[in-house]
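The structure appears right after this line, and notes come after that.
As written, the chains take the letters A, B and C, and residue 1 is the first residue of each chain.
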Amino acid sequence: MTTLSFDASSDPILERRRRIQSVASVSLKRRKVYSRIAIGICWLFLAVAIVPLIAVVFYVVIKGLPAWSVDFFTKVTVPEGIPGGGVWNAIVGTIEIGAVATAVTVPIGLLCGLFLAESEGKVAATIRFSADVMTGVPSITIGIFGYIAIVKNFGGYSGLAGAFAIGIIMLPVIMRAGETAIRGVPANLSEAAFALGARKAATARRVVLPAALPGIITGVLLAIARGLGETAPLLLTIFGNQYLQWNPTKPMEALPLVIYNNSSQPYADLLQVAWGAALLLMVVVLILSIGSRVVASVLQREKR
Amino acid sequence: MTPQPRSGRRRKNTLVAAVGLVAAGSILAAVGSTSAYAASANSAYLAADLKAPAGTLQAAGSTFVQPFFTSAFYAYTGKNSGLQINYQGVGSGQGISSFQAGTVNFAASDVPMTASDLAKVPASSGPVIQVPDTLGGVSISYNLPGVTKQLKLNSATLVGIFEGNITTWNNPAIKATNPGVALPAKTIVPEVRADSSGTTYIFTDYLNSSGGTGATAWTLGTNKTIAWPASAVQSPHNTGVAASIKSTPYSIGYVELAYAIQNKFTYAAIKNAAGVYVTPSLKSVAADASSKTGLSPTDFSIVNGPGKGSYPISGYSWAILLQKQTNATVGAGVVKVLDWTTHTGGGQSLAASLDYVPLPAAVQQQVRTALLTVKGSNGKALLTK
Amino acid sequence: MTMAVQTPRGGARRGGRLALSNGVYRGLLAAVVAVFVAVVIWFLVSLIVQARPAFSTLGFSWIIQKTWDPNSNKFGLLPFILGTIETTAIAMVLAVPIGLGTALSLAYLVPHRLRPPLSTAVELLAAVPSVVYGLWGLIVLAPLFREHVEPFLTSVLGWTGLFNGPDQGVGLLLAGVILFVMVLPTMVAISRDVLAVVPNEQVEGAMALGATRWQVLRKVVVPGARTGLLGGFTLATGRALGETVAVALVIGNSPYIAHSIKSPAATLPSLIVNNFGEATGTELSALFGAGLVLLVIGVAVNAVARMLVRSTSRAAAAASVAVA
């Protein structure tokens, strides 16, 4: 920062400019230092944030991979001390419970989403608000509801009770994702369909839903990912089962339950089962999340 | 020996003797077959147990008995693959409440249901049968780095530790019973159960009945849940406490003996009623139980048993089922599995290898007698030979 | 005749299988929505009905009493309410600066080419199941805390009186840190989104005036995204308040008011999940009451968050319309 030297000492305007510039240069230096420090802290925080996130993935992979074997995926639980056990019963349970919950909540959620997308007014606003609120309900509260509603009423733990609880968690997510996706469809598409004489049902089925499909699929995959990872509702509804159980009206096993129960075990082999199941669950959930993005971007590109 | 006259009288005597023998033999045979515990009858029952109808039983409860049950049931299903027993170790308290709610076919608890527990079973379900299914000990395991010698602890010290009054390992009370052991000046971390636990009941029963008065009296009661001091770390199930002890230095807690042995814990020698410091083992637990007469669901405590070789913190665990089984298949499955598990030649032959004490013969007999009263809806006993 | 265009209200000739009239269609949608509403009402009613015996037996103040002792019929929830608040507070005290700093980095500092993968990576971690975090916290972090972190913090910050007691690993501090790791991706994702959409004109205007990079961020970007940041913050808080299994595994489950940040403690969710299976009678009813308290807290926080986030997106939309 050089000032023009030009007999400056005698000219009041230049003198004033020189003083402003010297003050500004000091202030600028200080502000630059502050800026460097603060920006540095931002970078530091970025690093601090990345460390635990990487650490979780790293540990789960390192400790879970040794558990993965053919037996792990094909055999059921065995008592402590007996080798060769696996989590096949938990995999079956997780898939069945997830499938039942998805099969029930996707149609209901999409139809509710259609309703909300097509309606304005107080009723729709209240329902929208309830859905938003339900997505924030702690999952343990939904778990105790699942116990009272299904287990107590039907006299036993079951995979269906678990699917019910998971479904309640998934439903509002699909509703809101569906509504957002459907609202994102340009109005002129459905208006054109109406002009051609189609009724609302036909329009919805043949025009709106297909157009909203990327957003819907994204929302559904994310809801499934969330549903599969929930543990608290399952703890109170499905009881657990050491044996393979295809019948959802009976107690079943599930991956989150296996992880939770084996986390606080003193036996090293049971702990390893927990890590292996954790790795499996994490991989499945990540695939669903990544898959939802991939599907969304592929379908978006195709639309254009 | 004067020779008997070879006349009709001899033939008559022989005939009488023969008839007498036959009569005696058949009476004995009759008695033998009605004594359900006679060796031949036992194997007949055990053989029939393995022919129970196919199905799945749901059971829940004690983690005290879980290592024994899961291995015994695994062996049972190995021999009778159609019948699966899904046993979940959720703690005695939850076992009882699941039984009250009717969501399990049988429950397991280290403390039998009390009168108020039984009152919560719907009256329409009928009477409840409770039978002992295993015998085990509660070890006082600790994680004390650097101390290799086994600690000797008495009830006064344990009361102090688990009430939160004795807070460091080099406390005079601990030093007094362990002369020559270099105890560190570190804070004790008591490890206890977070859930409703029969193991807690047995342990607090021992603390309560150890007869301390004044400062050494146990004030927190005998129960499945206790208001532990704030410094205690609470973990669910025997496995949670075991895991916590294993990973927390300077901790001490109570875990069922099988877990302590299998995880190679260090556990203390406890002073028994005879004043001797005894290490928990199958032998010392059996000694503690040996003097108990009249075992029943209302008189079941065996802590602080007499005898020099008795380990004072021992207990039976109990299986709980309904006398009236509305589903004959399930009911037959329940009684036959429980019968097989509680008798020598069946599950009890595995007990020692799993670090549990086999049930004494008299107790086994008691169990079978009780199980024979379980009936289906047609009024017929479900336990058959 | 067959070529005539059907009017929307015409007969069921065209449309094939889905020949629903509009009335039937709307009716169907309304019926399905009614199912959703019925489930929500059933949910609320069940909780209230199950919790009522506790209120009628114990009065209304039992919620804020401080002793939980089922043996003497005491079911005070204060230790658990405080535990819930304290673990969430620890999590958010860490998550706000670190989350904000990370979001700022991702939105403005990181080279453009690295932004999508890094942002995606952070968002994907929001999907990792909470029980996995719990397992990792218990097995990996707890020993680390007991051996290194807690002694270090006690030596540095012991004078505050918050770090009394032995180093056990499990406790309030570990639970708070696990919650921090869990809500971090949510906070970063939402914050980054709202920070990135601060109007360019404002940012460039500040730069033109000679502001340093930090001054631009601090005085223009962050205030400009203020509402959305608050929304993200409240959403993350809501998630932390309701977290169950990860906390239950690492908090030590001590039903007392914690006197130190290293103490074992308990939260409302951990109380419910640990005791629900074995509770009967008044205790079970008290647990439903705890569930209701948790529900009210979670719903209130979530509702506030939604309002804030929605007002931000509306403001952003309006702003972009205004500029265009």
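Simple rule for what comes next: a contact is a pair of C-beta atoms (placed from the backbone, for glycine too) under 8 Å apart; a residue touches a chain by one contact, two chains touch by 3 or more.
Model, not experiment: these values are computed from the prediction.
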For this assembly, give the contact graph shape among line, ring, star, complete and other.
complete
Two candidates, A-C and A-B; the one with more touching C-beta pairs is A-C
How big is the gap, in whole Å, between where the Cα atoms of chain A centre and where those of chain B centre?
46
Report, in whole Å, the distance between the mean C-alpha point of chain A and the mean C-alpha point of chain C.
12
Two or more other chains in contact with one residue: find those residues in chain C.
277
In chain B, residues with contacts to at least two other chains:
235-236, 244
Which residues belonging to chain A are in contact with no fewer than two other chains?
264
Within the complex, chain B is touched by chain C residues 69-72, 142-143, 146, 165-166, 168-170, 252-256, 259, 263-264, 274-275, 277-281
Which residues, counting only chain A, touch chain C once they are in their complex?
28, 31-32, 34-36, 38-39, 41-46, 48-49, 52-53, 55-57, 59-60, 63, 108, 111-112, 114-116, 118, 127, 129-145, 147-149, 168, 171, 175, 194, 196-202, 204-205, 222, 225-226, 228-232, 235-236, 256, 259-260, 263-264, 271, 274-275, 278, 281-282, 285-286, 288-290, 293
Give every residue of chain C touching chain A within the complex, in rising order.
5-8, 10, 14-15, 18-22, 24-26, 28-30, 32-33, 35-37, 39-40, 42-43, 46-47, 50, 97-102, 104-106, 109-110, 120-125, 127-136, 138-140, 181, 184-185, 188, 210, 212-215, 217-218, 235, 238, 241-245, 249, 269, 272-273, 276-277, 287-288, 291, 294-295, 298-299, 301-303, 305-306
Taking the complex as given, what residues does chain A use to touch chain B?
78-82, 151-152, 155-157, 239-243, 245, 250-251, 264-267
Footprint of chain A on chain B - complex, ascending
56, 58, 60, 67, 70-71, 74, 84, 86-88, 101-103, 235-237, 239-240, 242-246, 259, 262-263
